[in-house]
Every structure is written in C-alpha cells, then in structure tokens.
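Both complexes below contain subunit A, partnered by subunit B and then by subunit C.
This part shows the complex of A and B:
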C-alpha cells in the first residue's frame, strides 16, 4: 500500500483527497490538511487576486501543492490568461482548468476545456481539466496533453453524490489517465464508492465546508477514500444484480 | 396613503416653476414615456414581453397557504411557486422561508459576504423624477468631480481596504459624458479589482467602450415595472423612456459586460408585482445569456434633502425580508445586494439568510470621502446626497461585524479577463 501513489505531472502523492476551492475558510484548510490528509489544495485565482485582508494564499501550508483553478473563465482564452496569471503569482505549474458558460449550474464546457488544455499543456503546465463525463471529450483531453481528467459526479456544491456514475465508470475503464472525481461528492460513502470503482482521487469542498463538525468529517473522508482505494486494489468480489447463482455449473456435463 | 413628492424650491424662476407645475398636473404636457428619444438604440428582444406578461397575469390574492407550503416542499422553485412565496399568503411562513433561503444561500455562496462601496462622482441630473434627491428641480449643491478629485477619492477609499467600487453619477449625459465616466473607470482600475457602474442607460457600443475602460458590471434600477405608474413619477428627461431603461441590462451584456444588476425601487408602486417583475427580468435574461452573472437589489424609498417625509409605504422590513427570501429560493444562484438604505440590524440579519453583498463606508454625496473617512475638514466643495443612508458603518466596522456574525467577508472574487 505504501507504494500506491497518485502520480500527477511526475509528482507522487500519498493522499487521494484533494480540497476544492468553493467555500474557503482557515478552519477548512486546517481540517483538510490535518484530518483529511490533503496534499493538494485548489485555490481560485480570482479569490487570490486580493490585496491584503484574508488572502487565502496566506492560509496554505508550504508543503502543500497548490492547484490554482481558472474559475471565472468563460472561454479557453480567458482560462489560459488566468493560468498564466497564476504562474506569475507563484502558484507553480499545476492548473485546474474550469470553464463555465453557465452561471446557474456552473457546468463545465468541454469544448473550450479541450482547447485550453492543449494550449496550457504545450506551455508546460500540469493540466487537470474539470469536465462533464463524456468519453469523446475525455479522449480529446488525453490527446491535448492533460495530466488527469476530472469528471463531475453531480452539479457542483449539490452534495448529491455519483449522479453520473455509469459515465464515470466508462472513463475509468477507457482512459489511461488518473480519473479524479470532482464536484457533487457529498458524503464519505459516495467518495468510497467512487474509489472502489477505480477513481484515482476525490476532490471535495462543500461536503466538508457545510459539515457540522469539520475535522470529524475530514477524518471520515480520509478513511472512506482509503477504504475505497484498498477495496479497488483488492479487486472486489462479484455482486449479483438479480436472482441467485446455481452452485452446480450449467456446463458441468462437458466434464462428465 | 401615498407619498407627497412635490416640493417647490424658492429659487425656481417663475417660468421654471410654471413648467414644473404643468409637468406635475397636466399629463398631456408630458412626452410619451414609451417612445424612444433620438439616439436611443432599439434592440430586438422578447424579454420585456415575457416579463410583463407574467406580471400582467399575477393576481397575488389568489394564492393560499396550501400553495405556499407546496412551494416550500418543491425541490426546484417554479415560477408559480415563486408567485406564491411573494403573495400575502406566505407572510405567516416567513420563518420557514428564511430557513429554506438560508440553505440555498449556503449551497451557492457558503458563508461569505462581499463588501463594496459606491462612489458618486457627479450629481447633475436632467430628469425630474419626483422621489429622487438629485432631480433637476431639487435645490441641492451640484458638483462633478475632476479626474484629480476622483483619483483623490479613490485613493482614500482604496486605503481603507476596499477592493470593489461602484461608480455612480446623476443621469446627465451633458454634464457626465460617457467619456468622462470611461476616464473614471480607467482610474478606478488602478485602485480596485472590480469596477461596477450605476449610471444612466447607454447604447451597446457605449457599454462596450466602458467595458474596455475597465468596468465589468452594470446596475440599472427600473424603479417600477408598472409603466403607467412610472409615467407619473418620471416626468421629464431621458429617464422618462421606460422601454429604453428596461433593455439596459441586455445592451450591457451585448456590449461585453460580465454581469448586470436589477431592481425596482420598492414603495413606488405595487411592491409584489415589482418584485415579481425584477426576478422574472433576471430569470429570462439568464436563460438568454447563461454565462452572465446577475444580481438583485432591493432598495426601498428613503427621505431626501428637502423632503424628509418620503417613505416606503407598505414595504416594511417584514415584507422586504419576504421578498428577499422569495428571490433567494427562486434564484439561488444570483447575488443579492442590500444597501445602506437599510438599518444595521436588518442588514446583520439578512446577510445570514439571503443577502450576499453589502456596502460599507457609504456616502451618497459628492467628493466627501475625505471628510467622512478621516473626519478632516474638507477644504474643497462637496455635492449633496441622493438620499439619506441608514447604516453608516465604516469598512472596518462592517468587516468586524460581519466576521462576528460568523460570516467570512470577501473583498474580491473577481478577475478582469
């Protein structure tokens, strides 16, 4: 198990929990690092674009890998500009591409995301694109040079869990990059389920931020993600969807 | 009870006084408020018809407690549900509405509250809007800041810690030209991360120019969506043209602005219908421009210089709270701004339920930030205020108070790209 690392952009991570950027506070970051074991923390460049009061950059411990995101971008061009700004701000080479042209549901635009990924990957960024779980788009992202794909489980902030489960499973089966499930994971059990399916990591924010006891929920996510990962590596036993299975093989006569 | 708005200044010439009285008393003396004036761009849009057909058919008396409870049970609030939540039948369920609204606000905005401040750079106005302190017949000290004065004001505001500014003018193209406002936006970009505008409505190409100057958010209040009532309140000037004002947000989005803000001035007409119209205006424009950011405000009538009797009639704090909860439940993703027209206690309460943005360190006068922020006697002239504010908390005080309420004050969540 100790050798089981998440590799992103040539960097190895022991933790498979990534903190998202939606609802920030100092206590959330503390709990994510201390209790959930997060080694990667997302930050919205637009929120870091502040002068003095409460700059979230000041909250983030030094040994943590920053994952700046391009939230606020409505086109590939805007996302590229925000990514470059993040690099200038000293946030490193990781970038989570988020492009939304919908202010109501905040659903990602896969077409623009592919375009931005291609440009940024060529510029040496480690690009983690947030996407709607569509197989064609995922393949295009692979070809564009993405370091992982990040399909959404359900609408962002909704805590509704794996609404897109079947489609995420297709990506896990068909895409050779880490599949990081992002957005909509509301409970540790849902995170565990995604990990059992073969997801490489889980990104969450609201699930922790809106919990009654933040550190306790962070610890629950850590345990759930680890359990799901172990189960995946252990290769789960079969699950019957209907009926029972005869213990005498039907083709037994062939061997008589 | 209606407000009595008409006040005659002793300084008016006999001719001006006579014209004012004719405007007030003789509807045939007034221009057609549905007719565009020269230079006003007409866009092809179906938004107005969609919004107004909802409002025309809205009979809020027909809704019952059963409709309200059903609305609160539904996971997604339909237009019909929203109409029930705005109705008098919903008033006894305000506490339940507040709980639902709080949950929706939390889902979309967490526990954040955004802070901003307005900066009035000129108070000249060519309109006679009877309830407004800036109206052209009101005897107030008029002023327009020079670029040096604007720079000075902005520096004082920026030094206080504020990162978002809303630039306002009176509605006078002659005194406050689009170019003048554009230059102010360029200055503002030096000091602030986010620059919004609340100025007279302009054409699409002018919004594009202002966007290029650095502005990215446009606020236009329709005042009242009841065009017949509007006609009796906006007696003269460009602002009298109701449909040109209605389409302002759409022109702003066509001109490339990131976001737009809406409101009726509650207390001018039937507030439930005006609240419905404001929200439907957001709803339909959001469907047409899904990338745009939208926000709602909820100003109520306030006293002005030379008329301290003006009040918001039947829109008490309870009704305002109901409107805001209904907005939040129907449009969970939109920003809601509550201005310093409202009291400290109301604002402290409503930010925990539905509001996402409050102003602080507010002056609605011209060129008086130095005296207001530092207490230093100003050696230059100051222009009078548009209306009396209620909550006069400074930026620092508001920041502390919001933190103490358990909220996280946010000064900027925005990039100009």
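This part shows the complex of A and C:
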C-alpha cells in the first residue's frame, strides 16, 4: 500500500482526497487539511482583497499542492485567462479547468473544457478538467493532454452522491488516466463506493462545509476513501445472481 | 479615468507599484492584468497607468 501513489503531472501523492476550501471559515482550513490527510487543496481566483483582509494562503500548510480552479469561466478563453492569472500568483502549474454556462445546475461545458485543456496543456499546465462523464469528451481530454479527468457524481454542492455511477464506471474502465470523482459527493459511503469502483481520488468541498463538525467529517472521508481504495486493490468478491452460498461447512451437522 | 477591478479610478500617471503600495495590497498575494495582458511583477515599477486602462488585480480565495 505504501507505494500505491496517485500520480498527477509527474508528482506522486499518497492521499487520494482532494480538499475544497470554499464556503467555510479560513480558521478551519488547517484542521480540515490535517484531518483529511489531504495533499492537494483547491482554490478560486477572484478580484483581490487588500491587506486588511486575511489571505487564504496564510492558512494552508506549506507542503500542500495548490489546485486553482477556473470557476467563473463561461468559455475556454475565460478559463485560459484565469489559469494564467493563477499561475502568475506563483503557486505552481496545477489547474482545475471548470467552465459553466449554466448557473442553475452548474453543469460543465465539455466542448469548451476540451478546448481550454488543449491550450493549457501546451503551455505546460497540469490540467485536471472538471467534466460531465461522457466517454467521447473524456477521450478528447486525454488527447488534449489532461493529467486526469474529473467527472461529476451529481450537481455541484448537492450532496446527492453517485447519480452518474454507470457513466463514471465507463470512464474508469476505458480511460487511461486517473479518474477523480468531483462534485456532488455528500457522504463518506459515496466516496468509498466510488473508490471501490476504481476511482483514483475523490474531490469534496460542500460535503465538509455543510457538515456539523467539519474536521470530523474530513476524517470520516479520509477513512472511507482509504477503505474504498484498499477494497478496490483487494478485488471485491463476486455477487450471486440468485440463491445463496453457505459460509459454513456443509458437513458435520448435528442431525442425522 | 481608468477601471481597476470594475471601479473607476483616477490613478493615471502612477506606476502599478505606487498604486499597489497606496491601496495596501499584499504584493506577494496578487497578480495584475492590464488590458487583458498579465503584467509580470518585475514590470510593476516601470509600468505607468493610463486613462482608459482596464486593470484587474486578483488573488486566491476559498473554492472547490
């Protein structure tokens, strides 16, 4: 298990839990990172605050890889602009491309995402695109130079779990890149299930931000993701179509 | 007048470095874009703001 690493952009990670940092207090970030065991944290780029305001970077432990997203982008062009600004902020080459033209369901625009991924990968970014789980789009993202694909489980912030389960499984089976399940995972059990299916990692934010005890929920997710990963590596046993199969010896009964 | 982060500003004639110092931004926590082009930090001191410029000053915030 110790050499079971998640490789993204040539970098090896032991943790398979990518932590979001939105919608909760900066003072909880350190505990969230610690209890999640996270090595990657997502951020957004917005118009800057002046020094009177606290800066999130002051709360993130040093050895954590930052994964800026392109939220707010409605086109490939806007996503590329945000990604370049994020890199100019001087915290590495990782970027989570997310492009949405729909503010009600926050669904990603796969076509624009492929375009942005191609441009950014050529510029040397490690591109992790947030996507709707569609096999053709995923293949296009592979060809565009993505470092992973990040299919949604259900709408962002919904905590509804693996609504797209069958289609995520197709990506896991067919795409030769890490499949990181992003968006909609609301419970550790759902994260565990995705990992058992062969997901490479889980990204969660709202599930933690809306929990009663954020660091405790971070710890619960960590344990669930590790359990699911181990189960996947252990190769889960078969399921009977019908009937039963005794676990106990069929000899030596105390009758006849 | 020019636009800085969507707001009118009468900072024409100042360098980016002067503007940032006066407005109390943390230099190590921002990126600056002028008229759609990223301005490298090394050019803050020599780049003068002009009337009609559109300037964006951005930083990281929490996000998913």
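Just so we're on the same page, the second predicted complex is superposed on the first by the 229 of 256 C-alpha atoms of A that agree within 3 Å, B and C clash if a C-alpha of one lies under 4 Å from a C-alpha of the other, contacts with A are read in each partner's own complex, and residues count from 1 in each chain.
Operating definition for what follows: a contact is a pair of C-beta atoms (placed from the backbone, for glycine too) under 8 Å apart; a residue touches a chain by one contact, two chains touch by 3 or more.
Because the structure is predicted, anything quoted here is derived from the model rather than measured.
Once the two complexes are laid over each other on the shared chain, residue contacts for A:15 go to neither subunit B nor subunit C. Legend: residue contacts after superposition of the two complexes on their common chain; A:42 is shown touching subunit C, with no touch to subunit B. In the overlay built on the shared chain, the residue A:104 is in contact with subunit B alone; subunit C does not reach it.
When the two structures are aligned on the shared chain, A:117 is found in touch with neither subunit B nor subunit C. Once chain A of one complex is fitted onto chain A of the other, the partner contacts of A:210 are limited to subunit B, with no touch recorded for subunit C. Look at A:78: by the touch rule set out above, it reaches subunit B but stays clear of subunit C.
Applying the stated contact rule after C-alpha superposition, one finds that A:190 touches neither subunit B nor subunit C. Applying the stated contact rule after C-alpha superposition, one finds that A:89 touches subunit C and leaves subunit B untouched. Applying the stated contact rule after C-alpha superposition, one finds that A:69 touches subunit C and leaves subunit B untouched.
Applying the stated touch rule to the two superposed structures, the overlap between the subunit B and subunit C interfaces on subunit A comprises residues 22-24, 44-47, 49-52, 81, 85, 157, 206.
Against subunit B, in their complex, subunit A makes its touches with residues 22-25, 44-47, 49-54, 72-74, 78, 81-82, 85, 100-105, 157-158, 206, 209-210.
Taken in their complex, subunit A has these residues touching subunit C: 20-24, 26, 29, 42-52, 55-57, 66, 68-69, 71, 81, 84-86, 88-91, 156-157, 183, 203, 205-206. The touching residues of subunit B, counted against subunit A in their complex, run 106-108, 110-112, 161, 163, 193, 286, 290-294, 333, 399, 408-415, 417. Partner subunit A is touched in their complex by these residues of subunit C: 5-6, 23-26, 28-31, 33, 36, 38, 40, 56-64.
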